[in-house]
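Two complexes follow with chain A in common, the first pairing it with chain B and the second with chain C.
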Partner chain A sequence: MSPGFRASLPVVIFLLAGFAAPLIAVTWFSFMPARTFSFAGAATLENYRTIVESTSYISFLWSLGLAAVTVVLLAFIAYPVAYGLVRVFGKWSMLVTLLFTIPLFVSENIRLYGWVLFLIKNGVLLGTIKSLFGVQAESMLFTLPAIILGMVYVYLPFMLFPMSLGISMVPQDTRDAAVDLGASRWQVFREVELPLSMPGILIGCLLTFVLAVGAIAEAKVLGGQQIIPITHDIEIAFTYAQNWPLGAALAVLLMLVVGALVLLVLRRFDLDVLLGRR
Partner chain B sequence: MTNVSLSRRNFMQQSALWAAAFAGAGTLGGTAAQAAREKELNILCWEGYNSAQVLDPFRSSRGATVKAESLTNDPTMINRLRAGETSIWDLINVNNPWARKIMLPEKLIKPLDRAKFEPFFEKMMPAFKPPYQWAMDDSGAQLIGMAQRFGPYSFVVNTDKVSRATAEDQGWNLWNDASSAGKYGILESDDWNVFCICCIAGFDPFKQHSDDEVAKFTETAKRVFKGAKLVGDIATMNQALVAGEIDFHLTGGTYSASPARADGHPEIRGITPKSGPLAGGKGGIAWIEITSVVNNPTLSPLAEDFLAYVQAPDVAHTVAFAEGTYNPVAQMGNPDCFKLFTKEELDAIQWDSLAEEMDRSVEYDIVPDYDKLLDIMTAAKREASGG
Partner chain C sequence: MLNRASRMRHSLIIAWSVAVVIFLYIPTVCIVLASLTASRYFQFPISKWGLDWWTKTLTSIEVRQLLTTSITIALLVTVVAVFLAFFGALAFARHDWKGRSVYQKIILLPIFFPQSVLGLALLLWFNTLGLPLSWKTAVFAHLVWIVPVVTLVISIQVYSFDPALEEAAYDLGASRWQVLKEVTLPVLFPGLFSGSLFAFLLSWGNFPLSLYTTGADTTVPEYLYAKMVAGYTPGVPVLGTISTAGAVVLLIGGYALITLLRRTRSTEQGGQDA
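Right after this comes the complex of A and B.
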């Protein structure tokens, strides 16, 4: 046994027990007969057939669609903020970073319920408008835009910080050289800063997408379950339906779909190439 | 301008650290090591029994470590025992039919000492006088659990928008009225929603259903979920009712409306229809919690001790008004317990109409084809979100 392998054993064992084993357990369970609670049943594809024959695709599409919209919106929202954090805000950067970080110490559900109080009819926003102008506007709560608002709000830090790191990777000397060689501000941005900060943007997008595809609280709390993402279907299978094998099969399919999409993106944008390793 | 010195290598490290930190934040925690069973008690229950108000006096007087996990649906709790957790839990607190019809036949729970516990029923409200059917096994010989919280549970209205009389008269047809679309919410309580949709469709939920009834259930579930303004938890329903987002919501009663009523909103009221498709033409459904001793091979001796502890008038009052929701308790039949309830507390639990509402309700039972109906309802909910 090489010293390197010996040294890696604790981590290998930890990963096998903490990462691989649960995944294997969920995958194995997805082949157990419906509504059973044992690993010892006769393996079957019944759960996967049930999913294919059902309308679960609606939930898959909602989850993937909402995650994609969140990523696109966050890319446009977070980039200027990240740029400001690295290049513009100077000594205020720490304060701005704290403003984005501190909410992470509060439970996501509590933050979302805060939005409910803000958006609800006669709540902070509409109640104030009503008392000031006498206008009773319709609330946007329990609608699709409210869900997207919640997802953009919750996942902003996950896009922002990798992006900030990405932008800070762009050497000042390179930017200066581009300016000295006559590049306009737009050219510096498009041909120097954007490509060189791409690893941060890409990692931010991937991280946000993977997390957002597993979102459930936003659709429940702000969306009033007007939309059922796939994570909610999985939750129902594991709770009210007590159909753990079906829930496991849905989870496995979700992992496969997300894994395939991430691999597809990574093939298109090779991180090693972006990071200049080859 | 800030020019952070950052190599490609430590960029990856920092990204990974951020990701790990964020991912880890949600999963911190762990399971405490198991202590000796004499001083340990584990309770699987609906919320309330897990509150510090109820547990702390027991913990300090017995020097015990009491762990209580609260869940909000019966099937999950039962299946936790089925999946092998009988060796973990000492007490299980679920709604009435499960102990007698499911858990005892499956040997998930064990009978109580009848001589010790039956006298407690003598002091309960008249409906619970021994032998109380849901606390007994089929033969009527064994006592299998203790009753405490109960309540009618059909639907809730804002009486400023729909009067109590109208709601009671119209009953489940409130959801068959096309003008109701967009004015109501649905409580995220899917097992009870199955019962309610059966009632809206015009038949008794607690029986095996014909193909025609299943078809009617499917059509009703689609229509009811399509017309809902929102689906959510109790806090969301009460907030939406108070704010005026909705006028009434499906599945609810004293249990769900009491937090809003206690908070100064007496217009939020649980309604039991005067008539309906349930047995005997009754219009409402009621629940009664039964707490049983789990068939744990290393049962804690504190399990029966705790069951006796919660029967005391002051503790029963605390259970009724533990954090979360507020509910009547069977021990209110004991004057020593009843006198502990203030007028405000009695108003919160709709004491004024409790007897008549219970009289108009059938008791919660097992739905034989629940799995099929739930799958249909889940699909209806999902399809309603398909736009």
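Right after this comes the complex of A and C.
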């Protein structure tokens, strides 16, 4: 038994019991008759048929669409900051990193609640406008843009950190060489910086996309339940509807989408290069 | 020397980053403001400031119970996660072995997974096993997500660890236990420390996993969620501020400690070199 294999055992065994087994249980449950609570029933595809015949695909499309919009917006918002962290801020970059890390450790529903207080009628934003200009503006709370704002806000660090990791992988020498050979700033970006930092950018996009597909709090807290993402459907099946097999089947479909995407992207990367062995 | 164009570009990047940081802290500021309001409902500009809701919240027995539950869970998660992740990180970054690249990807899977779905899957799994839900099952649920994260955090430190140090100790006749205690652990300490900081704080702030796995016990984020869905109470911003402040103090304290440690260590080494 190699020492590496031995060292991996505690974590692997733990993940088998805590990650693989629950997922297998969910998959198994998705084949049980509707509204039952045991594993003993005869296997059936009934739940999947119910889903195909229902309007669940709307929730699926909302989840995927919102996640895609979030990723695109975040790529543009985070890139300049990530670039700054690596190349511009110098000794300040530790502090900036810290500032971006702190919100990660505060439960996202508290922070989203802060946005409610900011956006709500007579809240910080509209209250200020009212007292300064005497205008009573319409609140954007409980609209689609509010949900997107919340998602961009919550997942920002998950895009930023992999991205700055990617940018730090671009050697200064290569950039200098390109400049010496007469490349314009735009050419350096397009031909050198972007391709070489792509692994980090892609990991950031993947991570934010996956987390955003699983988002539930943003639509509930900031969207006022106007839009029901798939995770909300799953939760309803497990709680109010007490239809665990249906919820399990929805969860399996979501897991398939996420799993396929993650495996597809991760297969292309050497994590050693990305994380440390330079 | 920076030319004019790149100075311009740098200023733009700095301005943009400052704007993003402000954006990131808008909700926090709003919560702190709301916690300092004396009236029953939040209205801006605030007409009556006061600390009434702070005293009410801090003296409430319910809140103390919540804080105890959250801290107990987070402490247990930290201890177990760091222990498991220490070995996990050695397998991830230190040893070259056959299954390593597969293993590295397995570690990432729970991180790249929607947490609300993971919480429900665990609920179903505990139910299958016949385990009654309580804060103990929540510890297990948190670990499923936090162990992989901490493994990555410690791995980054392990990558910069020179295996020759261990080999030298063995050559000098040290036992396996001595090498672990005198060489490996001290060298990896900064990584283990930031790993435990991550473990504690991620557990402290976690909501989706707790929601489905705590049973009758309640953590701070769960309580806040229940209260904010039920309607506005000024206790929510107060507890939210406490939760945020706790994270900030721990993180900045931890960061200061690590910096201090690095500095003492480098002066020690400098002394030895001289």
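In this text, the second predicted complex is superposed on the first by the 247 of 278 C-alpha atoms of A that agree within 3 Å, B and C clash if a C-alpha of one lies under 4 Å from a C-alpha of the other, contacts with A are read in each partner's own complex, and residues count from 1 in each chain.
FYI, a residue touches a chain if its C-beta (ideal position, glycine included) is under 8 Å from a C-beta of that chain, and two chains touch if they have at least 3 such contacts.
As the structure is a computational prediction, the values presented were derived from the model and not from experiment.
Participant: Mind working out whether A:199 is in touch with chain B, chain C, both or neither, as first, second, both or neither?
Facilitator: After superposing on A, A:199 lies in contact with chain B but is clear of chain C.
Participant: Scan A:96 for contacts with chain B and chain C and give back first, second, both or neither.
Facilitator: second
Participant: With the two complexes superposed on chain A, say which partner A:122 touches: chain B (first), chain C (second), both, or neither.
Facilitator: both
Participant: Applying the touch criterion given at the start, work out whether A:39 contacts chain B, chain C, both or neither, answering first, second, both or neither.
Facilitator: A:39 sits against chain C, while chain B stays out of touch.
Participant: Quick one: classify A:155 as touching chain B (first), chain C (second), both or neither.
Facilitator: neither
Participant: Applying the document's definition of touch, where does A:226 land relative to chain B and chain C: first, second, both, or neither?
Facilitator: first
Participant: Kindly classify A:141 by the partners it touches after superposition: chain B alone (first), chain C alone (second), both, or neither?
Facilitator: first
Participant: Who wins on chain A residues touched, chain B or chain C?
Facilitator: It is C that touches the greater number of chain A residues.
Participant: So, does A:31 touch the first partner chain B, the second partner chain C, both, or neither?
Facilitator: Neither partner.
Participant: Would you check which partner chain A:168 touches, where first means chain B only, second means chain C only, and both and neither mean what they say?
Facilitator: The first partner, chain B, only.
Participant: List the residues of chain A that touch chain B in one complex and chain C in the other.
Facilitator: Shared contact residues on chain A (touching chain B in one complex, chain C in the other): 37, 88-89, 104, 113, 116-117, 120, 122-123, 207, 220-221, 275-277.
Participant: Flag every residue of chain B that touches chain A in the complex, lowest number first.
Facilitator: 1-4, 6, 8, 11-12, 14-15, 18-19, 22, 25, 73, 75-76, 79, 82-83, 185, 188, 190-191, 229-232, 235-236, 239-240, 243-245, 371, 374-375, 378-379, 381-383, 385-386
Participant: Under the touch definition given earlier, write down the residues of chain A that touch chain C in their complex.
Facilitator: 2-5, 7-12, 14-15, 18-19, 21-23, 25-26, 29, 37, 39, 77-78, 80-81, 83-84, 88-89, 96, 98-118, 120, 122-124, 126-128, 131, 153, 156, 185, 206-207, 210-211, 213-217, 220-221, 231, 234-235, 238, 244, 247-248, 251, 254-255, 258, 262, 266, 270-272, 275-277
Participant: Report the residues of chain C in contact with chain A in the complex, numbered from low to high.
Facilitator: It is residues 5-6, 9-10, 12-14, 16-17, 20-21, 23-31, 33-34, 42-45, 83-85, 87-88, 90-101, 103-118, 120-125, 127-128, 140-141, 143-144, 147-148, 151-152, 155-156, 159-160, 201-202, 204-208, 212, 220-221, 224-225, 228-229, 236-237, 240, 243-244, 247-248, 250-252, 255 of chain C that touch chain A.
Participant: Under the touch definition given earlier, write down the residues of chain A that touch chain B in their complex.
Facilitator: Against chain B, the touching part of chain A is residues 35, 37, 54-56, 58-59, 62, 85-90, 93, 104, 113, 116-117, 120-123, 139, 141-142, 157-158, 161-162, 165-166, 168-169, 171-172, 199-200, 203, 207, 220-221, 224-228, 233, 236, 239-243, 275-277.
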